[in-house]
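Chain IDs A, B, C and D follow the sequence of writing; residue 1 opens each chain.
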Amino acid sequence: MIIQDRMKITSQNRLAHNIFEMKLTGKLVGEISSPGQFIHIRVSDSYELLLRRPISIASINEEKTEITIIYRAEGKGTTELSKKREGDEVDVLGPLGNGFPVEETAAGETAILIGGGIGVPPLYELSKQLTAKGVKCVHVLGFQSENVVFYEKEFAELGETHIVTVDGTHGTAGFVTTVMEKFEEKFSTYYSCGPMPMLNAVEQMYKGQKGFLSFEQRMGCGIGACFACVCRTTEGSDKPYIKVCSDGPVFPAGVVSI
Amino acid sequence: MNRLSVDLPGLQLKNPIMPASGCFGFGQEYGNLYDLSLLGAIMIKATTLEMRLGNPTPRVAETSSGMLNAIGLQNPGLKSVMENELPWLEKFDVPIIANVAGTETSDYVEVARVISSAPNVNALELNISCPNVKEGGITFGTDPIVAEKLTAAVKAVSKVPVYVKLSPNVTNVSEIARAVEAGGADGITMINTLLGMRLDEKTGRPVIANLTGGLSGPAIKPVAIKMVYEVSQAVRIPIIGMGGITETSDVIDFLSAGASAVAVGTANFVNPFICPTIIKELPAKLDELGINHISELIGRSHRL
Amino acid sequence: MNRLSVDLPGLQLKNPIMPASGCFGFGQEYGNLYDLSLLGAIMIKATTLEMRLGNPTPRVAETSSGMLNAIGLQNPGLKSVMENELPWLEKFDVPIIANVAGTETSDYVEVARVISSAPNVNALELNISCPNVKEGGITFGTDPIVAEKLTAAVKAVSKVPVYVKLSPNVTNVSEIARAVEAGGADGITMINTLLGMRLDEKTGRPVIANLTGGLSGPAIKPVAIKMVYEVSQAVRIPIIGMGGITETSDVIDFLSAGASAVAVGTANFVNPFICPTIIKELPAKLDELGINHISELIGRSHRL
Amino acid sequence: MIIQDRMKITSQNRLAHNIFEMKLTGKLVGEISSPGQFIHIRVSDSYELLLRRPISIASINEEKTEITIIYRAEGKGTTELSKKREGDEVDVLGPLGNGFPVEETAAGETAILIGGGIGVPPLYELSKQLTAKGVKCVHVLGFQSENVVFYEKEFAELGETHIVTVDGTHGTAGFVTTVMEKFEEKFSTYYSCGPMPMLNAVEQMYKGQKGFLSFEQRMGCGIGACFACVCRTTEGSDKPYIKVCSDGPVFPAGVVSI
């Protein structure tokens, strides 16, 4: 169920250049149903920055009733968020949307998880859940440059991890597809989250494979009421459009017209 | 006695708080969060004759204490609203105000004729002020003669009272208000969004795919209050006021300015529970102000 | 090469940043805080033929990300401005734009004739958009024919280029812009304030003694950007843009929208050093955007 | 000289119902020239609450380069201010205006200081300075009710102090004039700060006496440029109007048309 929760910040760390990891505790944690769901955060109680910001849940710790989010302080809202301190409270709406289907990959099978930039975070909880059920996870994580790479160690602990940077300062130089092209192992499912051009490239390369992609759109309500976040669907779909916030953000490959 | 009840043409409201059109879909999403019967009324999303897919995205952008939107009247079309959306709402004890949009007089009239016959539609809200579609919408709302004629044409077919939604993007809003009153409007709803634009700092390109959008939220409240204050003294029909309502004290302001009830738009995105929260807080606010019944506030600013 | 220089009719600006009329008095107060020669230009407070004492107080009120004002054109009158205010400004190396206001065409013309002969007045800004006085001001700014005639009358006597300041409180701002262009205006300044109102929650009474006021500040920026974007494509004369500029990135937005220079109003109250701060920050901002000269930004949004 | 200073909060205390005492340190302190001057505070860095709030300087501690302000958390801005914590910084413009003339009362003479509500604070620094130079100070301080009385002890340490409450819950019941009426001692000067009706009553009662009154007006710029804060003057004044922010807030009795 979607709830509005005043969550308490239990930690805030800078992971890389402008990349922050924040842990939040509150009863919302008990409502999460799948990796890839997101929360909608009010970055301050002032009306100046009026809209909530959608941020993916990167990791769930049920024992501590805690979630982790990883975000880039880019515009005004996320910069404001990065100034919050441990002990501060934030107004959070969530969990929102439908996440990645863990059940689509069986134990013993291989899944390939492809992330780009701030699309990487939700793949972490996904990988944790897949690995826990016995799926072999391979991670291909693309970043602009060395100084914005995060969670390399964390992903490596879960499975084979390829880091790609556009400028070649860390790992393979190029795009996620540079690694994917050379990757020859069989896999049963791919899961991806990142910028549109990356999702497009991934979908093209893995045409015909079972895959799930997580999309981004500017949002108003975050719950399906305002029609801000719609995407057109591909021909032959049963609906002419989907809403990223409530129908997604994750969709099977081939559904959303990229 | 219900201290919050307000009676308006076609609408016996248990309280004067309703979500504004376009900010609440057809109620289902918020219906998952709270009991819609708590609301004074619901203004549903604009309905057009045919399904509309709206504008390209991005459709929203944030501005200081406000937001821009250019949804472009996306809706499933009259038939689907009649068959799916309105019946779903029947289980709630809440009057529905159907927002009617179109491109030509004939679509407005046809949507009005059909939708006003739905059992739970208690009033129409004629949208002559949508800034986000190329044809129709705002073009009807800026010319008093056109506005009056459209109002009369819709009144002629509607089975329920007709409220006309005014645009703030005009030199003289009272002139338009008087025109729709002359056309037979039973009430006025105001204001729709102000025209606005946001550019991306890096590229210089408009953030919203439609280039311009409608500005809503707290930023526009002073404009809305001024217009409600003015129009409520220019016409005799009641006003449902809106524009930037975000907290209970804003409701007091709109009623004081001359509105008989209010609608909450953008604030639903900020706090999805805002309507029931305001409804809950109102009685204590009346106590604070030493007022017995909410209707005593209406038009208070004129009397001083 | 000066990367910030902009040439406009009558104005060789070392940078495109100037304080907006009414938000900087006649410069003396800010002159105690920093060297006024840093500024691109100064738009001085509206000057009328006779001294005006303005409206009763309160004259200002805060709104979400904005403020209302109803100063009512208080100023010491043409004679005193010529004898005291303008001579004081002569010691600075900064062009002055004199904001001219009146009640009838004849006062506008007389003020324009006299003030345009002051040695340091490089341009006039014809204020046909003040929302806070009963006569004159905005009444000239909402009718294209009246606006054109007034512009022509002032042009006929002015010794310096004439900019006309437009009101956003109109249905079609491009129509007014084209009218003043036809009347011979050398440039346009826009926008003046939006009409707004704030009520006191306890009493319901308007906070501002004048009842309504002009809304300025970040809240109105999206409206201003949209109008500059539109008008810069409707006329050939240059625009000095304003409305909500509070930080350096806002300047980029106004230039991208189509303004050739900008004015900063309300933000002077928030941060009295805002103009020199922006001027200092601009070169780094140009570097960030990979732009050599600031004029490359002008109208960027149209070209995309 | 007027400067813009990012002052650091060294303490924040609740003194009474909704009444807070805040201490601030910064180089602005060195610029203060007289008691009754005020500062113009930005209550937050967000634009939502756009305008600065004028608050009087209640006490100056030059050694610690610290000032004290006392304010009522009433509207949105002052409520926001009351949430700040020690160590936070606030953007302050000041010192502004012209304060009370200490030089108008000679050592050995008596001054009567009349304050109402949140008009009381600037009288504290005034009394400190007058007492220090050997003036005998008598304080008449009016409040709504017992629960908003503050600084009674502090004023009492400097001189005779009469507390008046409208509802009679503390000190004399009534208005400051209730005490003033009964006060028979000779005094050379009166100084007053408080709401308009109080200033009016005080001026009426002490007609012909040398006195100085501090006024309030809604402000824009705070430095004399915007004409927001003007008051009309009485007939026969050399200027038709004054600006509270830069000509005042303190004026000799009889100048401002109340």
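Methods note: contacts are C-beta pairs under 8 Å (C-beta built on N, C-alpha and C of every residue); 3 or more make two chains touch, one makes a residue touch a chain.
Note that the coordinates shown come from a computational prediction; the quantities given were computed from them, not determined experimentally.
A centroid comparison over C-alpha atoms places D as the chain most distant from subunit B. Work out the mean CA point of subunit A and of subunit C, and you get 46 Å between them. In whole angstrom, the spacing between the mean C-alpha positions of subunit B and subunit C is 34.
Centres computed as Cα averages put subunit A at a distance of 36 Å from subunit B.
Residue positions 64-66, 217-218 of subunit B each touch two or more of the other chains.
The set of subunit A residues touching two or more other chains comprises 47-49. In terms of inter-chain touching, the protein chains here all touch one another pairwise.
Partner subunit B is touched in their complex by these residues of subunit A: 1-2, 4, 42, 47-52, 77, 91, 93, 217-232, 240-241, 246.
Residues of subunit B that touch subunit D in their complex: 64-65, 218. Subunit D meets subunit A in the complex at residues 44, 46-49. The part of subunit D that touches subunit B in the complex is made up of residues 47-48. Only residues 22-25, 28-30, 32-33, 45, 51, 53-54, 57-62, 64-67, 69, 71, 74, 217-218, 246, 266, 268-273 of subunit C touch subunit D when the two sit together in their complex.
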